[in-house]
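Two complexes come next, and they have one chain in common, chain A, joined by chain B in the first and chain C in the second.
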Partner chain A sequence: MATVKVSEAEKVYILHGIRDDLRVDGRGCEDYRHVEIETDVVSNTDGSAKVTLGYTAVLVGIKADIGKPKPMVPNEGYLEFFVDCSANATPEFEGRGGEELGTELSNTLYKVFNNKHSVDLKSLCISAGEHCWVLYVDVLLLQCDGNLYDAISIAIKAALFNTKIPRVHISADEEGGKEIELSDDPYDCMRLDVENVPCIVTLCKVGHRHVVDVTLQEKACSVASLIISVTHKGTITCTRKVGGGSLDPESIFEMTEAGKRVGKALHAPLMALLQQEESLGKKRQKVGFLG
Partner chain B sequence: MAADMRLPTIRKPVSLCSGERKDLVVPGDVITSDTGFMRGHGTYVDEDKLTASVAGEVQRVDKLICVRPLKTRFNGEVGDVVVGRITEVQQKRWKVETNSRLDSVLLLSSVNLPGGELRRRSAEDELTMRQYLLEGDLISAEVQSVFSDGALSLHTRSLKYGKRQKTHFHNLPCGASIILGNNGFVWLYATPSNEEEEAGGFYTSLEPVSLSDREVISRLRNCLLALAAHKVLLYDTSVLYCYESSLQHQVKDILKPEVMEEIVMLTQQKLLEQEG
Partner chain C sequence: MLKSKTFVKKTRSGGVMKIVREHYLRDDIWCGSEACTECKQESTELLKDACIESNLCSFPHYLVPDTNVVLHQIDVLEDPVIRNVIILQTVLQEVRHRSAPVYKRLKDIIHEKEKHFYTFTNEHHRDTFIEREPGETANDRNDRAIRVAAKWYSQHLKKFEADTDGLCVVLLTNDQGNKQKAEESGLLVYRFEEYIKSLIANPELVDRLALSNNDKNEITSSKVLFPEHLPLSRIQSGIKSGSFLQGTFRASRDNYLEATVFVQGEGEDSTEVLIQGLQNLNRAVHQDVVAVQLLPRNQWVAPSSVVLQDEGAAKDDAVEEGEEEKALKISAAEAARKPTGKVVGVIKRNWRPFCGMLNISQIKESTRHLFTPADRRIPRIRIETRQASTLAGQRIMVAIDGWPKSSRYPNGHFVRSLGGAGEKDTEQEVLLLEHDVPHQAFSQAVLSFLPKMPWAITPEDMAKREDLRHLTVCSVDPPGCTDIDDALHCRELENGNLEVGVHIADVTHFIRPGNALDKEAANRGTTVYLCGKRIDMVPELLSSNLCSLRSNVERLAFSCIWEMNQKAEILKTRFTKSVINSKASLTYAEAQMRIDDVTKNDETTKSLRGLNKLAKILKRGRIEKGALTLSSLEVRFHIDSETHDPIDLQTKELMETNSMVEEFMLLANISVAQKIYDEFPECAMLRKHPAPPPSNYDILLKAAKSKDVEIHTDSAKALADSLDVAKVDGFPYFNTLLRILATRCMMQAVYFCSGMDSDFHHYGLASPIYTHFTSPIRRSADIIVHRLLAVAIGADSTYPDLMDKHKQSALSNNLNYRHKMSQYGQTQAVGSQQQPQLQT
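Right after this comes the complex of A and B.
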């Protein structure tokens, strides 16, 4: 992860601030920074979203391709994740520097979505055992100021909401094999139900308290964090502990409860915002990257 | 507690005065084909035409034409006050990050060591450099000279400088102190209650800061970010007016776009009133 150097005095200041529930920028321990979300920013994808969380910026593009289903689950499609840490974010990511972080992020995403309920994979099936939709989810880190997991999960949820998969018609051709036809009408498409897509909450242990949505400076003062993915009902799909420090079981329980609370509260405003953006339709003023 | 999520909007820069039409150029723009002019910084001659090499504003002084870039690394002059962070500890010097093209240099002979000003530097001092300044420490210093490759040589020999201290140093009436470095770095800290003279060395206070002081510092920090986002120059007056205009909002709300615009507009109005 990108790191900043912090002096001893600054660490103590940040520690005392978090203890008193007043962080460097005035937030409380469970407050998020200002979030801006925009979907449909990349024109040659089936779904895309750009999320800015404070100074962290993440771009997600989703492409739907026809592929062969996995042998164990012939009547389901699947998702493939790839995270690219661009050197735009920080010079540390130049060349292959961002590869380690990228693999860690994509492995966590696989774990988060590895259950039956997050995305309805059966709806991605075209013909059992032969063809299915594969959704390639590509994440690009544009700017890095801490809290990558949360920003990425919000962006993925928004991009999945925005994804339009063309409808297919299966017909039999002359030799008896199956032929797949994609609908030519750009509006004839299938949308995904993203109600159950989880959002990731990262809680960092700083001193004796846990903090949500840390900046890079605050991250330098914490030794361990807990990553929890929570659905809108409060169900946890995946937990991971990262960092070299140790967490005692009581604080893990406290952090999990806090994570559930905070994660649950993320979904409602996110869905409301996505519906609002959708309802604006053509009238929406596209901001893109030059706003 | 709920996250503040919204759709992005195209932000317009807040400016009360429309100002005179500025001569803006981008790299490659031809400034003039007249060969009678002398070329200054930010320009080059391409087939007898004076062309800009940076994106910025053209400045003409008699026969000298130069282009002042809109955004650039800090180019230090002798006498500038800078705020920097130690990046490396080397043999007889420290490397300091000051947002310039090269890391600035702070020589061991340019700092005040405990024991007084006229103390001789010994070999032991060289081995215990880390006890004075460690990687990651913040310092305020003055530019002593500029090396031939453009790197700055800093010094903290005047008792004003060091890890922090008393132009550029302002004790604001709201209860915090601020050091505005010429390089764009700003240091905010709680005004120390005891103003004692130290014989030398660096001063770090690890005492907990009171909640009211902490709120003042957080509010100032957000105000500074708001002013910077709207390209308002930072002086102790502009910072203070911005602080006063922000008192009606909660500290964490100051970074919301509409609140930022409102506060910066009020600040600019007050600054114009004071000028006129």
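Right after this comes the complex of A and C.
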């Protein structure tokens, strides 16, 4: 993972600040940095979103393709994740440098998103046991400034919201052979229900307190962090501890409670924003990557 | 300005692909009108005073047809009267997508300066591009794009109203919905029929209108005569499951109520399904690709031996066909029954414009008439015309528009007149069109590859070739032949053996691979000889001059030279590019006279005598091996040199010299075939003649049996021998008749690529291998063989297509097709010329 070197004196400064609920950039312990979201940024995907969180920037593209359902769940579609750590983000990612981080991120994403409680996988079924939609979720890290999980989860939720799956029609002939026909109207498409899609809140233990949305400097002062995925109702669907240090049960409880609170507060404005953007329709001004 | 077009597509592997195309809009697309002072165009297509006399619009106007109008009414649009038309890019693209032939015709019109057709790229114009809206089908979107473009034009032209006497655009559409919407937006819009009928000066255009759906309802009664065709999806699933068969529909020449469907099976096994009766034929037309369903075995029938012509006055749609159909049902023996079926749907129509004559309706004032095509396999077509009296007695062309299930005949429309029936030029045109013989003059592109005149053999050519100018070479051909492609020589060597040479015009020296001239020759395939007219395969400069081995001029040749002993056994064969100087061009009769005239003893005559002697030995040897001589009598014309009218006809006399030339050509072909096959076993172009299956001989055996003559068909030799002894006293013509019948039993000889086939045998000539080498001026296969041989002896370089067996195979198929069509054409030309002769 991208890291920065922080001197002892800087560490003390950061630790003392957090102890007093005042972080280096002026935020409180449970405050996020400035978040920018834009959907439909890559025209040849079925859904895409770009999210910047402070200086962290991620791009998520979703492509829908027809595949064969998993034998265990013949009436559900599924998601595939791939995280590409671009060397643009940090020189450490050059060559195969980002591979390990990419795998780690995508493994977590499978746990968080690829289940029927997060995404309505049944709606991705075309014909049970034969054809289903497979959503290929490609995540591209453009810039790393800490808190990748939260930024990626927001981008995935926004991209799923934006996803338009072409409607299909199944025509069966006499012998039971099925033929899938695509609708020729580009506007005729299916949208996903993203209400239950969780967001990830990463809490970092810094000194005796925990903070959300850490910058790289703050991260350097932390020994362990907890990744929590929270739905809009405040339900926790997944938690995971990362980092070398240990966490005592009491602080885990405290951190989960804080995560619930922050997560709930994150969902409402996110959905409102996405809906607002959608309602603009064609009048929306595209910002893209140069804006 | 940038827009993007998005659509989803299914890939072959079953995946889904979203494709996004960038689409750039411009502000520098001009309107193309002469009246416009705003657009900065360099040249204009559309005239300022676009006048066409119409009683609907008395002011100058431009026409904007929609896609369906172009697709269905291209015949009318091609008329010189229709000018100043704006073809929108939307229309052009849709036409291209829907019908390649119409697209090509449209492009041709656009290129024609006189027609003043202008293509407006509305899809890239900033003001006329529209995006598809939610819930809008692709067709609706295109209709809207056409309306928007028309609207743009009318507003654009309004600015110059002052000096154009109200120039405007007229949208032509046959779509009710589109028309209504256009009217609502204030456009001037007419149905195409409506507009054409309003043209005061040109009533004849109305005849060329294709019938649109609305009109068909008026014409036909409501009675349903035919079963409905199944939809394509049902047909496809039926073919997959095996309940239907797919094949090419072949109507019978002799019986309009009968047809066969040729079903191509896997590999060699293909079957023929018999179709009988109007209901079962179900509106299929000759050459259509159809789906057939087999009838239960107890309803199978035998092909009838009745000749039935669809004649007389137009039959009422409701008239019972009962009686004629009954004539068919006279049941034949159980054994003769063949698989019988019915047509359930048409997969692909193969309609082309047909040539024929008009049968004028007996009802006076009627505008509906029946048209009888020249090809008897095509049903009669009902057309609507007001100029029936003018068209009577003319050969005309008619295109089919459709065949509704409630109509006894297909509906069509008049395309053009070819000229008076019986006139030589008209008849020839009909013949060439009906047999798909390319007969237009050679294009400039083709002619540009001809050598510059005056042409002479260069020293470089001389250095690369063997100089055979000193040899006594002569050519023997039919009288009046100007494309001489073969010449011969024979001389005694010092060791007592004979040297025989066959010299063939070196056409490949002039026609280089891949250029326009080569492509044209490969497409034409063969020169077609009609009575008194020759449709050349290569331009005349080559066929009658530079490549023709005329006497006393130096010509490039490809020579095949044998050393033979006195028993005509070949001791040595060699091939070489050469330069020759023919000493004499003789006719068969002249050559025969020289041989017979004992007083003549010059070099040429001696050479001829030597050739003649060897040819006789060769022929005897061939016949012993079982070569067939089936040549029936051929007819020749004496043509008046002034008027080119045939004045007399006589059966062709076969002289010794005929077979002399033939014998050496066969020998050359066989030697070359062996050589190129040895050198290129994968891609040699050869000619084979498969042995006919035993059942083919049925008619011959039946005929022979009627006179108690026995014919053996076990082998070519047995057949030849038994034909020789098949004679009936007091019926001298019987033997010839049998031979003509035997010809009919034979299979077609075909070109093929050696890498794609294993059976090379030539049945008729009793040769294990054969090709065509000796007539490169008039056959395109010989050109390929020349090239192969030149590569084999290191006289020329090769090129990729020559060594590609699939391309070779495709080329042979075209040559076979052209060859077959030209043969039909030539036979028919002879037939049609004989008729007047026999009458007088």
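Criterion: the second predicted complex is superposed on the first by the 285 of 291 C-alpha atoms of A that agree within 3 Å, B and C clash if a C-alpha of one lies under 4 Å from a C-alpha of the other, contacts with A are read in each partner's own complex, and residues count from 1 in each chain.
FYI, contacts are C-beta pairs under 8 Å (C-beta built on N, C-alpha and C of every residue); 3 or more make two chains touch, one makes a residue touch a chain.
Quick caveat: nothing in here was measured; it's all calculated off a predicted structure.
Engineer: With both structures placed on chain A, which of the two partners, chain B or chain C, ends up touching more residues of chain A?
Structural biologist: B
Engineer: Figure out whether A:36 sits in contact with chain B (first) or chain C (second), or with both, or with neither.
Structural biologist: first
Engineer: With both complexes superposed on chain A, which partner does A:186 reach: first (chain B), second (chain C), both or neither?
Structural biologist: Only chain C; A:186 stays clear of chain B.
Engineer: Once the structures are superposed on A, label A:236 by its partner contacts, choosing first (chain B), second (chain C), both or neither.
Structural biologist: It touches nothing on chain B or chain C.
Engineer: If we overlay the two complexes on their shared chain A, which of chain B and chain C does A:73 touch? Say first, second, both or neither.
Structural biologist: Neither partner.
Engineer: With the two complexes superposed on chain A, say which partner A:17 touches: chain B (first), chain C (second), both, or neither.
Structural biologist: Touch partner of A:17: chain B, not chain C.
Engineer: Which partner does A:142 reach: the first (chain B), the second (chain C), both, or neither?
Structural biologist: In the superposition, A:142 touches no partner, neither chain B nor chain C.
Engineer: In the superposed arrangement, what residues of chain A touch both chain B and chain C?
Structural biologist: Dual-contact residues (chain A): none.
Engineer: What residues of chain B sit close enough to touch chain A in their complex?
Structural biologist: Interface residues on chain B, with respect to chain A: 1-11, 85, 87, 134-138, 163, 204-206, 208-209, 211, 214-215, 218-219, 221-222, 250-252, 254-257.
Engineer: Note which residues of chain A are touching chain C in the complex, please.
Structural biologist: Within the complex, chain A touches chain C at residues 43-46, 63-66, 166, 171, 173-175, 177, 180, 182, 184-187.
Engineer: Per the contact definition, I'd like the list of chain A residues that touch chain B in the complex.
Structural biologist: By the definition above, chain A touches chain B via 5-10, 12-13, 16-17, 20, 22-28, 30-38, 52, 262, 265-266, 268-270, 273, 276-277, 284-285, 287, 291.
Engineer: So in the complex, the part of chain C that touches chain A is made up of which residues?
Structural biologist: It is residues 4, 6-10, 14-16, 18-20, 132-138, 233, 237, 240-241 of chain C that touch chain A.
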